[in-house]
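Reviewing the structure listed below.
Every chain is named by a letter (A, B, C, D, E, F and G) in the order it is written, and numbering of its residues begins at 1.
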Amino acid sequence: MSTVKRLVLDVLKPHQPNALEFAQAIARLGEGYRVRLNVEEVDEKTESTIIVIESTSLDFSRIEETIQSMGGSLHSIDEVEVWGSTPDTL
Amino acid sequence: MSTVKRLVLDVLKPHQPNALEFAQAIARLGEGYRVRLNVEEVDEKTESTIIVIESTSLDFSRIEETIQSMGGSLHSIDEVEVWGSTPDTL
Amino acid sequence: MSTVKRLVLDVLKPHQPNALEFAQAIARLGEGYRVRLNVEEVDEKTESTIIVIESTSLDFSRIEETIQSMGGSLHSIDEVEVWGSTPDTL
Amino acid sequence: MSTVKRLVLDVLKPHQPNALEFAQAIARLGEGYRVRLNVEEVDEKTESTIIVIESTSLDFSRIEETIQSMGGSLHSIDEVEVWGSTPDTL
Amino acid sequence: MSTVKRLVLDVLKPHQPNALEFAQAIARLGEGYRVRLNVEEVDEKTESTIIVIESTSLDFSRIEETIQSMGGSLHSIDEVEVWGSTPDTL
Amino acid sequence: MSTVKRLVLDVLKPHQPNALEFAQAIARLGEGYRVRLNVEEVDEKTESTIIVIESTSLDFSRIEETIQSMGGSLHSIDEVEVWGSTPDTL
Amino acid sequence: MSTVKRLVLDVLKPHQPNALEFAQAIARLGEGYRVRLNVEEVDEKTESTIIVIESTSLDFSRIEETIQSMGGSLHSIDEVEVWGSTPDTL
């Protein structure tokens, strides 16, 4: 088994929901999720963001769904950290 | 539930209230608020500032109101950190 | 005897399996494997990635086989760390 | 209530009192004051300095008065750190 | 007496044995040897590598012999750390 | 009262006494003095040096006298750190 | 009294004795001497090196003699650290 510990995602999002609401929606997916969202560039209709998500065990499918449900599009996965073990303390 | 741990805000403010008074007004919003304000650029009538606010749990709405009540305008949210959990120790 | 503690591999991979699935396949090779995959460059059909793998003891042959079985090609070994001892705690 | 923990001040001072005497006068304002003064530029009659002052609780008004009483002028507040709490250990 | 604690060697090696096998051969020289090999540049027939070797006590002669026996040539010693004492814990 | 904890001095010195002797003379001024002297530039007759002096309590007057007695001239005080308290542990 | 804790020396040396032998000769001067020698530049007949020597108490005269006895010339003292106290633990 393997466990996803960290994801760095390059995400294009609309201005609304704003950066805070966007991060909050992802953080609500799990008790120990830590989400850091940086706005890299602001265009007329969109914002390029880098979202770093860490937890003892991340559920990528639900994160991807949540991003899409808010009008965001996952541009690329920039970094992943995966451990070959069952979830335990980070 | 989710908890906001850290906000980095790009704020344009008038010269008065000064940087210290501005930071103090935000810090007074909560017992554990830590506010660091850096003046990035000084123009004739305004100052561009970056305000970093950290706490075990931040209330964004009250922070935004406080900034506006002092004549500041929130230019952008540059970074947010949100945890998917109830507030506890930082 | 010697033990491989860390490998930094320069790997060219197709878009599918994606970066997460790719890292997961390597991490599943051993209980204590930690895999960090960074996507360095995205081209039309391929992605250049740097994969850092750490463990108390890594099995290079199985890692290489796993990369090839997913359509990846090992461009180069950029860094290795080897200890002249039997495997124990990292 | 709020407590000022750190100030970074951009101060223009005459050559006399010198940098050491200038910093000492500010440090004497409080038992736990730590003052670091860097001379950034020396001109014919003045010196541009950056003064970093830290304590569990700083009194900005007295600092400003002290700077002016020695012929210095506070060019700008470059950074402030304020905590929303009563003074306790740093 | 003196003890060699660390060597940084600039070594030109053929493609075979590969970087991993090369590092392993050096690490096998002593129980506590830690070898980190970085490939700096890859040419048609050779690879420029930097090899960092650390231990409580390194045997330079055997390291040099091992490098030569694999077709490598020691270009230069870039750094050495030597302690004026008998070998004990690093 | 205030205590000088750290001085960074820009000092022009003749070649003799050399850098080591120069630093030693300053260090001898107090039991806990730590002196780090960096030679920044060597000219025909002089050397530009940066001297960092730290202690629980520094005596600036004696330091200045010592520098002058060896033919050095204090070009500028680049940094001072002063604490608003009686001398205790650093 | 004063104690020399650290010396950074700019030394020009011939190719033989090599960097390792050169550092070893200095390290043998005292039980706790730690010598790090970096080769900065290699010319036809000489090597420019930076030698960092640390100990609880260094003997500069013997270090200088040792360098000269191996054909090296002390180009400059780049840094010295001296403490105004009797030798004790670093």
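In this section, a contact is a pair of C-beta atoms (placed from the backbone, for glycine too) under 8 Å apart; a residue touches a chain by one contact, two chains touch by 3 or more.
The structure displayed is predicted, hence computed values, not measured ones.
With angles rounded to a multiple of 5, the C-alpha fit of chain E against chain G returns 50 degrees of rotation.
For the pair chain C and chain E, the distance between mean C-alpha positions equals 23 Å.
With each centre defined as the average position of its C-alpha atoms, the distance from chain C to chain G rounds to 42 Å.
Chain D and chain E have Cα centroids separated by 52 Å. Within chain B, not a single residue touches two or more of the remaining chains.
The sequence of chains round the contact ring, opened at chain C and continued through chain E, runs C, E, G, F, D, B, A.
Taken in their complex, chain G has these residues touching chain E: 18-20, 23-24, 26-39, 42, 55. Within the complex formed with chain E, the chain C residues making contact are 1-4, 6-7, 60, 76-85.
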